[in-house]
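For reference, the structures are reproduced in the following blocks.
Here come two complexes built around subunit A, the first alongside subunit B, the second alongside subunit C.
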Partner chain A sequence: MQQPKRLSRFPVHIAVFLAPAVLLYTLFMVIPLINSLRLSFFEIENQNQLSFSGLQNYIRLFKDSNFAPFFWRALRNNFVFFAVHMLVQNPIGLLLAALLAEGGRLRNFFRTIIFMPTVLSVVIIGFIWQLILNPLWGVAESMLEAIGLGAWFGPWLGKPETALVTVALISVWQFVGIPMILFYAALIGIPDELTEAARVDGASAWDIFWRIKFPLILPTVGIVGILTFVGNFNAFDLIYTMKGANAGPDFSTDIMGTFFYRTFFGQQLQLGNPTMGATVAAMMFLIILTGVLLYMFLWARRVQTYEL
Partner chain B sequence: MRKMFMMLSLLVALSLVLTACGGGATTQPPAATEPPSAATEPPVATEPPAATEPPAAEEVTLTIESWRNDDLSIWQDQIIPAFEAKYPNIKVVFAPTAPAEYNGVLNTKLQGGTAGDLITCRPFDASLELFQQGHLASLNDLPGMENFGDVAKSAWITDDSSDVFCVPMASVIHGFFYNKDKFDELGLAEPTTKEEFMNVLQALKDAGETPLVMGTADQWESATMGFQNVGPNYWKGEEGRLALIHGTAKFTDEPYIKTWQDLAAWSTFLPEGYEAVKYPDAQSLFTLGQGVIYPTGSWEISLFEKDAGFNMGIFPPYVENAGDTCYISDHTDIAIGMNAATAHPAEAQTFLSWVASDEFAALYANALPGFFPLSSAQVTLDDPLANEFLSWRQQCKSTIRNSYQILSRGEPNLENELWRVSAGVMNGSITPEQAGQEIQDGLDQWYTPQ
Partner chain C sequence: MKSSSLYRLQQIFGKSVPIVILSVYSLIAVFPVVMVLINSFKAKKAIFGAPFEFPTSETFSLIGYQTVTDRADFQIYFLNSAIVTFVALILTLFIGAMAAFALAEYDFPGSALMALYLSMGIMIPIRLGTVGILRLMVSLKLVNTLTGLILIYVAQALPLTIFILSQFMRQVPQDLKDAARIDGASEYRIFGMILPLVRPALGAIGIFTMIPIWNDLWFPLIIAPSSKTATVTLGVQQFLGQFVSDWNAVLSSLTLAMIPILILYILFSQQMIRSITAGAIK
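Take a look at the complex of A and B:
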C-alpha cells in the first residue's frame, strides 16, 4: 500500500485561513448581490407574491416610456459626472502630487489639508457648498464681486444647464485627495538615481516628469481611473443630499444611483418598485463590471510595470 | 501573470463590494425635507421612552408608529398623559421615524410582524395599500367615527367607500403669510383678487423689497405652495378635482394653464437666484424680514411665530375676479389606524375612539397650531393666526390637492411630475402650455377616467 503523494493532499490550512473572510464576504456581499440580481427577474403581484417574469423588467427598462428616458438620461448624466472627474479631479490630483513630491517645508501641512475633505461626511460637504453657493447669503457671489467678476455668478445649483457640472465639481473638490495620495505614493517611490542620471544628461524638469516619472506611474494612473469609474457609477449620496431623490432641476442631476433609489424606495406619492429597482441595480453592476473588464484587458495587460 | 491574477481578483472584489453597496446599503439616507410636515424645527428624534413604571397586572402598552418626529414632545407631554389619565390601565408609547423613511420602515415592520399597535396613516394610496394588504383593520364600527364628514374621511376610505380604515386627525390649509409691518409702512392692503395681488407685488418691488419669498430648488414648493395653493380658485375646488378623476377635464384646460401662468408671472418677484433657493432658505428669508409675502400653508404657524420679529398677517389665495367664490386647499394630511395584527385590539380601539373625540381635537389643535382637526367638533383655538386660517372654512369652499386621490397611482407619477413642471414653469425652462401638455400626456399613458 502506497502513501498518497504529499503534493496532492488537500491543503487544509489554506481553507482554514480563507474561511473567515470567505464566509463573511459570502454572507454579507455575495448572497445579497446574487439575491438582488435574482429579484430583477421577478414581478410583485397582489398580496406581495413574487412571480417569475424572465427578462420582462429589462425590456421595460429599455422600452417603457416611464423608464427608458430616465435610464438613458441617468446614464448620460453619469458619464458627464465621470468625465468631469477624469478631466478635472485626476489631472489636479496629479499636479498636486507632483508639487508635493518635490518636497518643501509645508509638504505635510498641505498634504493633510488637501486630503481633509475626503474624510468629511458627504452631508457636511453638501451643506457647506450649498451655503457657499447660496444666492441669498452665500459667500461665492461676494468673493467673485471682490475680484470684479460678480456678473459671472449665477444660481448654478438651480439651473438645469449648470447643476450637474456644479455638483460634479463639488465632488471633485471633496475627493481630489485620493488620486493625489495615490500619485504621490507612486512618485516618491521612484528612485532618485533615475532622475539624477537624467538631470546629468541635461533633461529639463518638464522632460524628467513626462519621460521618466509619468511612464513609471502609469499603472497608478490606471488604478486611479478605474477607482474613479467605479466610485462615480455608484455615486448617490452627494446628489441625494444636495438635490433630493428627484435630482432636480428637471432631473438634470439624476444619475444611476438616484434613479435606482427613486425606483426602489419610491418618492413622496410614488410607491417603491423593488423588482424594477433591482433591475436598475443589476444594470449598474453590469456597467461597472464592463468598465472593470475593459480596464483589465485593454489597459492593465498592456501597461509595462517596472520593478523599481 | 500571478501578479496579474491577484490584481484581477482584487478588482472584481472591489467592484463587487462597491456595487453591492450601491444596491443595498442605502436604506438610511439623511432625512430630506418633505411637505408639508417638516415645517417646525425638528427636535432630535430620541428613542421612544420605555414605560416608566413596571407594568402592573393587566396593564397594556400600545405603540404608535408615526413620521411626525417633530411632534414627539407634544405627544409625550400633552396628548399621551391626557389619555393615560383617563385610561390608567393603558400605556401609550409614541415611536416616530424620520419622515422620508417612514413608508419604507413601516412596510418592513408590518411584513415582519414587528410594527406598533397603532399606525399613523399617510393620506390616500399609501394607506389604502396597507389596508388592501390586510395590515390595517377596518374601522367602520369604531365609536366616534360618526364625528367625521365624507371629505374628512375621503383620504382613508376604499374607492367604493365601503371601508374606512383610519381616524382622520388633521388637515393643513394653504394661504399666504405676509409681513404686516412692511404692508403698513407702504400703505398696502391685503389683496383679494389677482389684479390686486400683482399690484401689491409691483408696489413692493418698486419700494426695493423682495416681494415674494419662494425658491424652486426643492421643487415641491412650486407645486404644493404655488400650484395647489392658488389653483383651486381657477379649477373651482372639488368640482375641478373630481372632473379630472372623471375625465371631463384635462390639465391642458384653461384653469390649469392659468394657474401655471400665474406661477410664471410670480417669478419676476422672487428673490435673486431663486432657482437655487431651498425651502429652509425661504423660511429664514421671510422670518428675517427680508421678504414680504410668503405663499405656503398653515403648518408654518408655530415656526414663524417663534422666529419672526415682526407682526405677521395671512390672506387666503386670491380669486380671479372680485366677487368670485373662493376655494381653499384644506388638505387632509394625517390620520391614525390600527395594525390588524395587534395583540390588543380592544385597547387600540379605545385609543382610536378617544382620538375621534372632541377632547382630542381640542388638545391636538391647540398643541399644534396650523394642524386643524377634521372632526365636526367645535374647537376653540387660542392661536389668532390658526383661528384666522380656520375662519376661511366658513368663507370659502374646501378642497384637497388634486394629485393625491387616485391620480398618483400610475407611472409617471402625477405628484412628482407636478413638482417638476411647476418648478420648470417658475424657472422659465418650460411654458405653462407645455407644462399642461406634459402632465396630461403622462396621465393619459395609464389613466382611464372613472
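Take a look at the complex of A and C:
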C-alpha cells in the first residue's frame, strides 16, 4: 500500500488547503505592512505623486520641530505606560493567580469575575471610568471618603501630571485578567510531587512559591512580559476614547498609537500626512520587533523550560 | 495544646486571607460596571442623588434608553457588528482550519518556512500596516464597506488560529487518517473527517477571535467610519462624543453596548478560561 505522504510532485490538494489563508494573509496583512514601511522612504508631492526621499522622513521625525517634540514625548509616555503595566498589572496578576491556584470552592467564581472587564470594549471601559472619576458625579470621591482617603481625590484625568498614570491604571484594571489567567494556567500545571517534599519538610507557602513554583513558571513570565510590551506599544483605543486624538491635557497622555493616528489623519489645524504616518508606524514596528527579538534571543533562550 | 490552637489559627488565617483579597479585588473589578448598569435605569436626579442605590419604583426611569433609541441607529450598529463578527469568524475558522490541516498533515518542501511565514503575524500587530491597508482599500473600492472590515479581520486572526489549530490537528491519531486513506477517501474527505474532532479547539479559538473583532475601534474608525457601516464600538464612541452631558443617554448606551458581550461571557466563560488553562498545561 502506497503512503500518500511525501509525494515528490507538489500535490494539488496541499495548495488548495493553503491558498485561501496564504492569499488573504499576504494581500491584507503582509503586503500593506511592507508597503507602509516602503512609504516611509517617500514623500507625497503635489498631484499625489510619490517621490523617493531616502531617510528624509526619519530625519524630520527626529529633528523637525513639528514632529520631533511630539515623537519623543509619545515615546517616553509609552514607556511610562508600559512601566505601569509591568509594575502594577503583572505583579497583581501573579498575586491573584497564586491565590486562585491554592484552590477553594469559590475559585471559578472569582476567576470569572476578575477576568470579566477584559472582554469588554476599551471604548466602554474608557467611558465608564470617565464617569466614575468625574467630580460631577462624585462616585470615586465618595468611595475614597468611605475608606478615609477622601483628601486624595482630585481631577486626575484633567491634570497633566496625573493623567497618563491614571489612564495606564485604568488599562491595568481592564487587562489584569490576562496575566492572571496565564500565570494561573502555569501554576496549576505544576505537579504536586514537586512541592510535596518541601511541604513535608515544613517550608512555608511563601518559600514554596518563590523557590519552587516561580522558577518553574519563568517561561510564562516572559510571555506575559512580551505580550504586555506588544500590546502597550500598539495601544490607542483607550486614550483616543478618554482624551481624544490630541491626547490631552496638553499631550500629556500622548503615546505612539495616538501620535500615529494624528500624524496620519491630521488634526484641527494640521493636514494628515500619509508618508509621515507610515514613518511613525515604521518606528512602532521597529520598537515592537526589537522587543520581540530581545525576548526570543535573550529571554526565551536562556530560561529553561521544564517539561512538566 | 497551645501549639495546636496556634496551628488552627494559622490555618484559618491562611484560608481566609486569600478569600478576602480575592473578594476585594472582585469588587474592584465589577464595581464600575455595576454602577453603570444600575444607574442606567434611574432618573437623572437619582443618578446624582443616590448613585450607589439600586433603582426603586420611584427612581426607575427608561428615559436614557428612549433617547438612545430615538437618536442613535443602534439597531444598524448591532447588525453591522454582528455581520462583521460572524462572517469574519466563520471565514477565519474554515480557512484557518484548512491551512492548519495542510501544515499539520503534510511534509512538503518548504513546509517549515510556510509555518514560520504564517506565524509572523502573531506578534506583529496588523495596525502597523494601516497606511498600506487604507491605500489598498481605496484602490479596491472597499472603503466604508463591511467587506473591507471582514477581510482585514480575517487576515488579522489567521496567524494565531492556524498556529493553535495545527497543534490540535497533530494530536489526531494517524491510524484514523491512514485507515480512511486505505478505504480510498480523498484528502478533502479526510479534512472533513478531522474537522469535527477538533471542535473544542474551534470553539475556544472562535471566542477569542470574536471578542477583539467586536470590540475593535481602530479599523471601523479608519476604514469604515460612515454611519451606515459603523459598528457598535464606533457607534457608541461617536454617540457618546455628542451626548457627553446627557447622563441618562450615556449610561444607557454603555449598558446596551455591554449587554451582548456580557451575556456571551457569562454563557461561555468557563469554557473560555478552561481552554486557556488546558492549552497551557500541554
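The rule we apply is simple: the second predicted complex is superposed on the first by the 286 of 308 C-alpha atoms of A that agree within 3 Å, B and C clash if a C-alpha of one lies under 4 Å from a C-alpha of the other, contacts with A are read in each partner's own complex, and residues count from 1 in each chain.
Simple rule for what comes next: contacts are C-beta pairs under 8 Å (C-beta built on N, C-alpha and C of every residue); 3 or more make two chains touch, one makes a residue touch a chain.
What you see is a predicted model; the values in this text were computed from it and never measured.
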item	value
Of subunit C and subunit B, partner touching more subunit A residues	C
Contacts of A:M86 with subunit B and subunit C, given as first, second, both or neither	neither
Partner chain(s) touched by A:L96 [first = subunit B, second = subunit C, both, neither]	second
Partner chain(s) touched by A:T241 [first = subunit B, second = subunit C, both, neither]	both
Contacts of A:I124 with subunit B and subunit C, given as first, second, both or neither	second
Which of subunit B and subunit C A:L18 touches, first, second, both or neither	second
First (subunit B), second (subunit C), both or neither touched by A:I132	second
Subunit B versus subunit C as contact partner of A:M284, first or second or both or neither	both
Touching partner for A:A203 - first (subunit B), second (subunit C), both, neither	neither
Subunit B versus subunit C as contact partner of A:P274, first or second or both or neither	second
Shared subunit A surface residues [contacts with subunit B and with subunit C]	29-30, 32-33, 36, 123, 136-137, 226, 230, 234, 236-237, 240-241, 257, 260, 265, 278, 281, 284-285, 288-289, 292
In the complex with subunit B, residue positions of subunit A that touch it	29-30, 32-33, 36, 47-48, 65-66, 123, 130, 133-137, 154-160, 226, 230-231, 233-234, 236-237, 240-241, 243-246, 248-251, 256-257, 260-261, 265-272, 278, 281, 284-285, 288-289, 292, 295-296, 300-301, 305
List of subunit C residues in touch with subunit A within their complex	14-15, 18-19, 21-23, 25-26, 28-30, 32-33, 35-36, 47-48, 51-52, 95-96, 98-99, 101-103, 106-109, 114, 118, 120-121, 123-136, 151-152, 154-156, 158-159, 162, 181-182, 186-188, 191, 211, 214-215, 217-218, 222, 232-233, 236-237, 240, 247, 250-251, 254, 257-258, 261-262, 264-265, 269-270, 273, 276-277, 279-281
Contact set on subunit A toward subunit C in their complex	1, 4-6, 10-11, 13-14, 16-18, 20-22, 24-25, 27-36, 39, 92, 95-96, 99-100, 102, 104, 106, 108-117, 119-124, 127-129, 131-132, 136-139, 142, 173, 181-182, 184-186, 188-189, 205, 220, 226, 230, 234, 236-237, 240-241, 257, 260, 264-265, 274, 277-278, 281-282, 284-285, 288-289, 292, 308
In the complex, subunit B residues that touch subunit A	3-4, 7-8, 11-12, 14-24, 26, 29-30, 32-34, 103-104, 111, 124-126, 129, 133, 215-220, 271-278, 281, 285, 403-404, 408, 411-416, 419-420, 423-424, 427, 429, 445
